[in-house]
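Look for subunit A in each of the two complexes below; its partner is subunit B in the first and subunit C in the second.
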Partner chain A sequence: MSDAAAWIVRVVFVAFLAATPFMVDAYWLNMAILALIYALVVYSITVLTGFAGLLSFGQAGFVGLGAYVYGVMTVKGVPPAAAAAWGVVLPTAVGFLLGLPAARLRGHYMAIGTLGFGVLVAQLLNNMVDVTRGPMGLLGIKSFGLDRVSWFYCVLAIAMAVLAALEHVDRRTFLGVVLKSVKYDEISAAACGIGVFGVKLLAFSAAAFLAGSCGVLLAAYMRFLTPDLFLSAESFRYLMMAVVGGVGSATGALISALILTGIPEALRAFGETNVRLLVYGLMVLFVLWFLPGGIGGLLERLIGPRRKRRRSATAQAAPKGDAVAGRAS
Partner chain B sequence: MLVQIIVNGLILAGNYALIAVGLTLIFGVMRMVNFAEGQSVMMGAFVAFTATPFIGYLPAIALAMLTNAVLGVILERTAFRPFRGVELNGLIASMGMSIILINLAELVWGTVPQSFDTPLNAVSFTFGTVGVSAQRLLVIAASVLLLTCLWWLVQHSSLGRQFRAVSEDPEVAAAMGINTNAVARMSVVLGSSLAAAAGALTGPVNLLSPDMGQTEMLNAFAAIILGGFGNVNGTIFGALLIGMVQSVAAVYLSNAYSNSIAFGLLVVTLIFFPRGLVPERLEENV
Partner chain C sequence: MKSGAQLLLAATLGMALLAPPALAQTAQTPVKIGVILPLTGNTAWGGRPAKVAAEMAAEEANAQGLAGKFKLDLVFADGACDPRTTYASAEKLLNQDKVQFLIGEWCSSASVAMAQVAADAKVPTLIQISTADFIAKNAGPYIFQSIMQNREIQDREAKLLLEKFKFTTAAILVENNDFGLSFRQNISRVFKEKGIKVVLDIPQDRQDTNWYSIITQIQGAKPDIVVASIAAGQAANFVKQYSESNLTIPLFFDYPPPPYIFEKQVGQQAGKLGLVRGAFFLKDPDMPPREQAFIGKFEPRVEQALGEKHPTVHWDIVTYDAVMMAADALTRSGSVKPDDLAAALTKTDHQGVLARYRFDADRGVNPEGFDFLFIRNTLGGGLEVVK
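Then we have the complex of A and B:
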């Protein structure tokens, strides 16, 4: 498909998303807003795993940190804008600090180490009752006073802006090349004078920044938090979204976040919760069986220019230096 | 108090070791992490729970292990075989299977936690001043027995040699005439049945619920990392360490933080020993 046609597809896609408030009822608009907020944390996995080849099972920890920093501060009377700034800065700083030891770990060690971080945050949120109100949930979170439709356009704008930024970094900047060199062959990258550790730290902090922002938006939108929203199971759900989206494709991540948030709701036709989640699990399996490159891989094949198609073929060969491939660990 | 701590620690350690060893075996052979292992634990516990009134507790454990062997074959076909070489997809596929298994279990057994009573819960032995139920001793004894059997299998049987060959170099192993697919299937079958044993043994000590295996699996991961991925002996050592630390912490610190303590220990260990306490040595994998 030519470049022009690809642009038409993009414009139609954005226009279709922007028209959502006119097409659906309040319930589905709510789901769309949540899905767009979740897209931010899925982007964080795109950066971490897709670009830099690092694996984190603890992203829900950063989301929880951002959400609770924002929530607790507004409850204590801090203006929402300042609280939002803290809610983004703090997880980023924690991401940097966690990156200091975690970036030295390889493959599965990094995955489980970050999982440990996620478990710790979830337990802290649950047990620090005097600050977070623990399992009773945090009530009375102040917000920006937007109505639902404005919220939708705000989060849509944020999601699209981050998407554009990520696609730009991935395709058009030197940083994108550097990140990929670290993903595919750390030793060669280091031999070329790339500071591998620094690049990994940057990826960690950037991912924590995105996940923290996701948390702030979640808290500001829902205005009620419980620690259950940030258990490790949520980290796995984000990972699932990222893989179904085709890790490394930001567009795939966005579409996957929309679809995987929407499908469990659409499946309410099946009645019982268990049946619909069962169908959901099966659908994830089917996507993995028949679309190993995920939604992003499908998009490349359908609308990607030829040059890109070749690159995706090498990307799927899972070379030796890939931190995801366990041999390297 | 001391006896109590040691017994509780050994129960936790035995439980984690059975789960972790299965995970390590699968990882060693296929380089894949089985995220449905926690649900294998849960399935094992529920099958034993359902079968006990009809055939008695001990045969029910055997039945749970057999059922889970079948589950292992299914898991290997659906979540592992299609994703050789694309480990991350396999990991997500096993998460997909775990969602399916949890919801299947909720449909069959309901979401309310159930208590699993066996005749052994009533019998107790006294050590000094503390009584320990026969069920608790059985958990420890059976874990040791199963782990010893596994050790023998890996070290001295033909299947064990195949495991070790495949984990060292799958291509060369295949060139030597080893059916790597069959070996991979056996690893999942063994891992899944060991998890069933873990669930069926500790079920009567705890409560049964469809989401029960999850925490145990996370702790088993911690044990694996401490012991070095793919290393059976190191994994058992890691499980002992985590079980004991949690048991001590539950008494002297706080029960609510017991998982935090395990993972705090893990994070601190990884800071100083980035490859685990027992570093992975390629020639000794599995």
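Then we have the complex of A and C:
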């Protein structure tokens, strides 16, 4: 695909998203808003797993923390803006603290450690009845007074801004290179003078920030909370979105969140029975079977030839013998 | 002329005969009622028969004109006992199907989700099964809870317990969910007031299937009675393990384990223990005639619909009653305007199959309208009402 064609695809995609309120009814607009909010937590997995190579099974815990901090504070009368700030800061701080021990773990050990964190948060939300109302559910959450269309454009703007930032970090910054070096070979990265532990801690905190933001938006938009929304099963749902999107691809994460939030609703056409769940499962399997790199992998394949051409053109333009220029471009 | 006049008369008569009567025309004003039930997932065993009960109620209401000038048109959606799914279902029913009234869900966390969506849309809603405290009160003026709430059920249970059993010490075991935690809170309060000493107080997660360590603690604490709130599948596990441990300490269960399904799983063991539990309803020769009549028409119908026998449980009846209450409110309000319907619901005084339904100032149902029973497992694997 040429550069121009790639840009046209991007513009059409963003224009298509921006036109959503004019094309769908309130129900589908609601699903689109939820999908864009979920995209934030999928981005958090993109940062943690895709960029830094750290596997987390506990992202729902951070979402739950952000959501409940916001929800409980607004119910107690704190203004929504202040509650939102706390709802983001607290999960980020917890992510940093969790990162202190977790960043020393590797592979399966880290996955189980984060799973434990997710279970712990779900238990706390369920059992701190005096604060969270536990399984009885939290109602009466205050919001920002936006109508549905305004909500859509707000979360679309946030999702696109984070997407642009992640793509920029991934492709055009030294931090992206550092994160990948830690992901692919910690020992070599450390030997090159990269503070591996600090990088992992940064990734943990950034992922917790994104997941906490997702929780705040979820609570402010839906205006009810129950601990069932943040069980470990939810962490696996977010992870599934990230895998279908292609772990490491922020664009894939966004598209996957949109598709995997919308499809179960679209499948209601099969009737309110187990058939739609079966079809949903088969569709996810189908994607993983034929697109092992996920949606992001597919996008890479489509845009890949353009990049290869650009690389070879740069290599040819470089002075003879300057192979490094070709590799670095 | 004469023939012309005769023709005109005949044509007029013919048109009058062909035209439907005015009353029948107005009786056809459809009202969409959204019903969210767990039609998939772990609780679908209960949601599917409850759907049949709702359909039966709507047919009867339409056939007998119980909704006044309105015709009830039920639209079902799956809530899967899951707040996220129920939230999406409520959104769909309100924004796509344009329902004017909502009934549902089953699990309290899902009903909380539905209540918030309905409250935002200002659509009158009946929560007919979920017993978590104050869902209606917290959700606002359009939401009504037509089932006794946990604190009321457990007050009734505590009172009955103190009447039927003699004990000075008790062990409390609960599942870590809304039933369990509120049961623990309420029953502890009543026991404290009555001077009953709680020698063991343990919550356990639903996914933990091994109760042996807790049973060992019970053996050590030697309470006069064990009172537990453990739902469905876990209750069966617990009873099996309790029975295998040969404990003879009387065992009482809060009402969640559904009769008949539970008996299929561990009826013999529960009979051996003489397990007693709370219930709103039991198919029994002494039950009121209105319940007998309901069972007479419901059980053949549900067998036909689902292809298997399904003994009636109170969840079926309250769903039937909820549709009938909606019909009653429509008749009295004569309008589908949310404020009129909510006002009519507030003034409900409806004799349903299970109870007499009246709402209090917080839009919770008045518990006086409900009977509450203790039922006991018998050695033959059956059930009897504790007299």
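Rule of thumb we're sticking to: the second predicted complex is superposed on the first by the 303 of 329 C-alpha atoms of A that agree within 3 Å, B and C clash if a C-alpha of one lies under 4 Å from a C-alpha of the other, contacts with A are read in each partner's own complex, and residues count from 1 in each chain.
Criterion: contacts are C-beta pairs under 8 Å (C-beta built on N, C-alpha and C of every residue); 3 or more make two chains touch, one makes a residue touch a chain.
Because the structure is a prediction, the values reported are computed rather than measured.
With subunit A as the common reference, subunit B cannot sit beside subunit C without a clash. In the superposition on chain A, contact is made by A:Asn274 with both subunit B and subunit C. Residue contacts after overlaying the shared chain place A:Leu201 against neither subunit B nor subunit C. In the superposition on chain A, A:Leu36 makes contact with neither subunit B nor subunit C.
In the superposition on chain A, the chain among subunit B and subunit C reaching more residues of subunit A is B. Of the two partner chains placed around the shared chain by superposition, subunit B and subunit C are both touched by A:Asn127.
Legend: residue contacts after superposition of the two complexes on their common chain; A:Leu288 is shown touching subunit B, with no touch to subunit C. In the superposition on chain A, A:Val94 makes contact with neither subunit B nor subunit C. Annotation: subunit A residues 123, 126-127, 272-274, 277 touch subunit B in one complex and subunit C in the other.
Listed in rising order, the residues of subunit A touching subunit B in the complex are 49, 55, 101-102, 104-106, 108-109, 111-113, 115-117, 119-120, 123-124, 126-127, 232-233, 236, 239-240, 243-244, 247, 272-275, 277-278, 280-282, 284-285, 288-289, 292, 316, 318, 324-327, 329. Residues 27, 31-33, 35, 78-79, 82-83, 85-89, 91-93, 95-100, 102-104, 106-107, 214, 218, 221-222, 224-225, 229, 254, 256-257, 259-260, 263-264, 266-267, 270-271, 274-276, 280 of subunit B touch subunit A in their complex. Residue ranges on subunit A touching subunit C, taken from their complex, read 25-27, 30-31, 123, 126-127, 129, 134-137, 139-140, 222-224, 226-229, 264-265, 268, 272-274, 276-277. In the complex of the two chains, the subunit C residues touching subunit A come out as 39-40, 44, 76-78, 82-84, 87-88, 91-92, 94-96, 108-109, 112-113, 115-116, 120, 132-135, 138-139, 176-178, 181-182, 185, 203, 205.
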